[in-house]
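The structure follows.
As written, the chain order gives the labels A, B, C and D, with residue 1 at the start of each chain.
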Amino acid sequence: MIVEMKKGATREEIDAVVEKAKSQGLDVQLNLGTDKTVVALLGSNTGQLPTDIFAVLPGVESVTRIMKPYKLASREFKPSGSKVSCSGVEIGGERIIVIAGPCAVESEEQLTEAAVAVKKAGASILRGGAFKPRTSPFSFQGLQKVGLELLAKAREKTGMPVVTEVVEPKDVELVASYSDMLQIGSRNMQNYSLLTDAGRSHRPVVLKRGFSCTITEWLTAADYLLAEGNSVVLCERGIRTFEDSIRFSMDISSIPVLKRFSHLPVIVDPSHAAGHYSLVPAIAKAAVAAGADGLLIEVHPNPKEALVDGLQSLSPSDFTRLMEELKTIAKSVGRYI
Amino acid sequence: MIVEMKKGATREEIDAVVEKAKSQGLDVQLNLGTDKTVVALLGSNTGQLPTDIFAVLPGVESVTRIMKPYKLASREFKPSGSKVSCSGVEIGGERIIVIAGPCAVESEEQLTEAAVAVKKAGASILRGGAFKPRTSPFSFQGLQKVGLELLAKAREKTGMPVVTEVVEPKDVELVASYSDMLQIGSRNMQNYSLLTDAGRSHRPVVLKRGFSCTITEWLTAADYLLAEGNSVVLCERGIRTFEDSIRFSMDISSIPVLKRFSHLPVIVDPSHAAGHYSLVPAIAKAAVAAGADGLLIEVHPNPKEALVDGLQSLSPSDFTRLMEELKTIAKSVGRYI
Amino acid sequence: MIVEMKKGATREEIDAVVEKAKSQGLDVQLNLGTDKTVVALLGSNTGQLPTDIFAVLPGVESVTRIMKPYKLASREFKPSGSKVSCSGVEIGGERIIVIAGPCAVESEEQLTEAAVAVKKAGASILRGGAFKPRTSPFSFQGLQKVGLELLAKAREKTGMPVVTEVVEPKDVELVASYSDMLQIGSRNMQNYSLLTDAGRSHRPVVLKRGFSCTITEWLTAADYLLAEGNSVVLCERGIRTFEDSIRFSMDISSIPVLKRFSHLPVIVDPSHAAGHYSLVPAIAKAAVAAGADGLLIEVHPNPKEALVDGLQSLSPSDFTRLMEELKTIAKSVGRYI
Amino acid sequence: MIVEMKKGATREEIDAVVEKAKSQGLDVQLNLGTDKTVVALLGSNTGQLPTDIFAVLPGVESVTRIMKPYKLASREFKPSGSKVSCSGVEIGGERIIVIAGPCAVESEEQLTEAAVAVKKAGASILRGGAFKPRTSPFSFQGLQKVGLELLAKAREKTGMPVVTEVVEPKDVELVASYSDMLQIGSRNMQNYSLLTDAGRSHRPVVLKRGFSCTITEWLTAADYLLAEGNSVVLCERGIRTFEDSIRFSMDISSIPVLKRFSHLPVIVDPSHAAGHYSLVPAIAKAAVAAGADGLLIEVHPNPKEALVDGLQSLSPSDFTRLMEELKTIAKSVGRYI
């Protein structure tokens, strides 16, 4: 952590910074420039210290953090990449894992049809929403417990593990009792109560990126889950920008950035970013080429009749065609689906 | 809602749109342009209908919503401005209400000192965080129930109503039993379970803007609270942009925009936007001049020793000086503090 | 164009809108809803009409544009994709075109070394900056005319066409006399004098996206060039967002969006987006998988000694390795390099 | 400048950084942490050095700039605030300067009517566009030289100095021969040729903020003008964000930030940010309360007939009413209009 003093800061002001640092167990090195004094604070936990405790002192111009604020999620903490097992399906290995299924579980028939189709096309894990956080209070809110039961049934029929979103701390236990993996949605990435409770569950967690959160904030949120001993898969799903031709801008660069700074597996959700089925294939292909460890794709047996997000859902035949293309691209980057 | 058909869309495709619209109880008017057909869908609930159900049909180029997706929060629903009462303190009237106090309740002494100081300077409501959502799992998480008790004590001593944040649905009842008003934080603006539960409490709610949510999304979130019969005060607290010299960019324009499109009172939190005490006064003054109905300002008896966000907190003497300036500005726009 | 009237708009106010529309040669259809009147304006040029001329009329609540504001760049104007020839190298065909070379031309030796290396690795066009727009007035501003001469020499030696940036209208003619293709940089995307003059030159233009411009604004800028009869290659180079781990966020989704709405070829510059050589390969691969028609990659014989942007430049050996990977990915999407 | 070495960086790698620093005339201080080595580079010109020259070296994890990249525009360079004289009207003093007039000069009658009205209401400087950069090639591009002549005439009649935009380097001399102050528009903030030429003119320059440029980039652009010996007034005009209810989000916080980091006067253009006349007054008032030294407001004798941007223009009577309100607010912050 670097404390830049104001031009003309007094000896007393500099001393106060040094003292504060020492009280936090930090080593201090004074760099006396011609114009200004710069104080370097050294220690293994400077990433976790708030910069405010120095910035608030008189004579301080700025405080710059050099160490990252996250720890357990960092590549430095664990130089080799992590693999996460979802009931036997390994995410983060050579195989690229495709998770597919409908946005919302609507009925046994709809879910079964989707499950059978995506399995046949090569998906490894079934997704489906039982609890739906909706922007309008007047919209369909999901089948909830019934939805979870239908997911469990679909797992029995197809043998695929299932993943579903949990939106409230009080539901963690219930959802974990049905689902092989928990999903924490974009709007809950910084819902710390939910993170802590999901961290304590016995199910691995897919942590979606908050649509306006930086990668640093995302990895810091992952620390919440990792601190409880759980394992985490990161899911990039697009960020909010000024561009209005698409629902969210897919931040494809986050894949190499995460691979550089973190050991966690990274999957990509092209459906929520695109908002339109016609844009999903290009984004999915880009993600595989850029090094993603998996994809999360919405597939509905009949998108025109979907209760939620039909426009971004692929039909089974479109999904099957896309999977063939993705297999070729996976091969071209030394992996397989 | 306007459905633009693709150039060369067939009669059958147009008919399918018309049929779908009629099945939703909408009136339809066909506008046959030279190049393209445009279908206007008319009805009183088109704001609440998802555009997807039309966009997914074959031959459709785009669907544009004309009506706003929120209803209860709209100025059209209630042309005169709303006033919200917080245990007798009216927000939304001629008086500009200043809510002040420490970011986090740390101790009885700290809270009392802050409460006495802000009351003396002219604040009407006391704020203080008991449950603190923190970006790092290793940070101070608030005094929780003890914090609530200290807030109640401070209310007794000073006669000021108190407002504090609730971060989880399960805590709504507890917090509502101590606090005169509930605050829903920026990261929870779209936490729909929390909105629903807070909506059902018997306390008015301060709904902070999600730091990357549009005004339309904000008002739609307010609909969740209003749908349960509760009353709502909106709190602008800055948005995330590319600018990095300040923590969040204060969206001052949201004040006149909200006044135009909504009947709800609007207050402004300059402290979280600024992130630095030296920037708080200018933003607070701008808010009053722009028409805000109140302010939410962090004040700490000793910012240098604050456990949370000391850098953005004003000292009692800085706050007192600012209040004097704000009173003059309030007067210059025909109001008072 | 859709004009929504205010609730309670008078007959006279509606008539004034209708009259204004007719004076612009538009057809009008009134949609009388239960609550509000909505006026649909029909005509082939509504995309080019400013919405303001209606929004400013009394009783108007909002004006929504349905048609796109660009015309010549639209896919509707030319349903099949365009191909652009750069001195015989065709951009927009089955072959993916790689343009490579140093950020700035520094010396004959440096440029030649780069040119020979990128050609050997499979690049088709040589890039190199002679006029450098720099954020600081104290930085290296490019070799200017000498740089152009060195580019021409390098073309002679290698047989590769060259592309270089033009930053001022007065230089268009000079640059066009040396370069096979003109590049208009991100900061000049809306420099309309430059667009008009470059449009009149006899060289095709690579139009980089303004780093904060929407796709709609980009295609509207392309209309400036196309209106003068020139041909255009679009170059996506990343957009400014809140994410700070990378210089610009690569907007990978713009590739399928552009393919849907425009007939122009699209290339991608991963180097400027990344800002760091280690992130370039993943972005380049993603671009090819997503359907880009080409790439623009910075290569420097010795990045450590580069005068400009060394950090984002690949060394010849890194570039050669990347090209091998790109060739495999190109093949997997049915194309070649 | 702080160079963070990778964990496990070798002695040779550290030495190479030290050597590079010394070759640039910098002092070096090594901070050997337990985990990592951090190299502090000290010198008076580290703000102007590109970080790349260190980041590109092997073993370097990150390079963080502590000093600002601008110099002449900084408050440190000139601790007291600057005042800029526009033909006798002083900007940056106790008086808040209002610059007003039509977006585009359309005719002698229109300009005269506007000029007389704004002068009567208390404006000090007349604005009017002669050269108009337009997003569509099919829009009105301004009266150009005739527009300049009309501005000069209006100055004669009213005695007010005039300011108008220059969009191309080649026009600088012409525009400077008619106008008392030059305006550089948002899209040209990083047009370095234009900055250099305008810097060399004998007219002070109003430098509008690029709508997606950081304050740091803005002040660095101002350095271009100051380096040529010219004087500069900064004009905040709103930034591009995700919010879509307004054209640009007014970054009100930039006022106190600029006052802290720069000595240059700051004015605010509420018209372009708002895009709608009904939002202009609130933003203008906020700007004055926040400490702006002036305003730039569009006024048109008949907004309904304006050729450009009529929707954001105030009518003379609306402007007169606003000026009365602004005078009261100015007084409340210890200034006058």
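To be clear about the criterion, a contact is a pair of C-beta atoms (placed from the backbone, for glycine too) under 8 Å apart; a residue touches a chain by one contact, two chains touch by 3 or more.
The model shown is predicted, which means the values in this text are computed figures rather than measured ones.
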Most distant chain from chain C by Cα centroid | B
Quick note, more Cb pairs in contact for C-D or B-D? It is B-D
For the pair chain B and chain D, the C-alpha centroid-to-centroid distance in angstrom is 31
Whole-Å distance, chain C centre to chain D centre, using C-alpha means?
-> 26
Note: chain B residues in touch with at least two other chains are 212, 240-242, 244
Counting only contacts in the complex, chain D reaches chain C at residues 48, 50-53, 55-57, 69, 133-139, 167-170, 187-188, 190-193, 195-196, 211-212, 217, 220-221, 223-224, 227, 240, 276-277, 303-304, 306, 309-311
If you look only at chain C, which of its residues touch chain B in the complex?
-> 2, 4, 7, 27, 29, 31, 33-35, 38, 40, 42-44, 62, 64, 66, 76, 212, 240-242, 244
Residues of chain B touching chain D in their complex?
-> 212, 214-216, 238-239, 241-246, 249-257, 259-261, 273-274, 278-279, 281-283, 285-291, 325, 328-329, 331-333
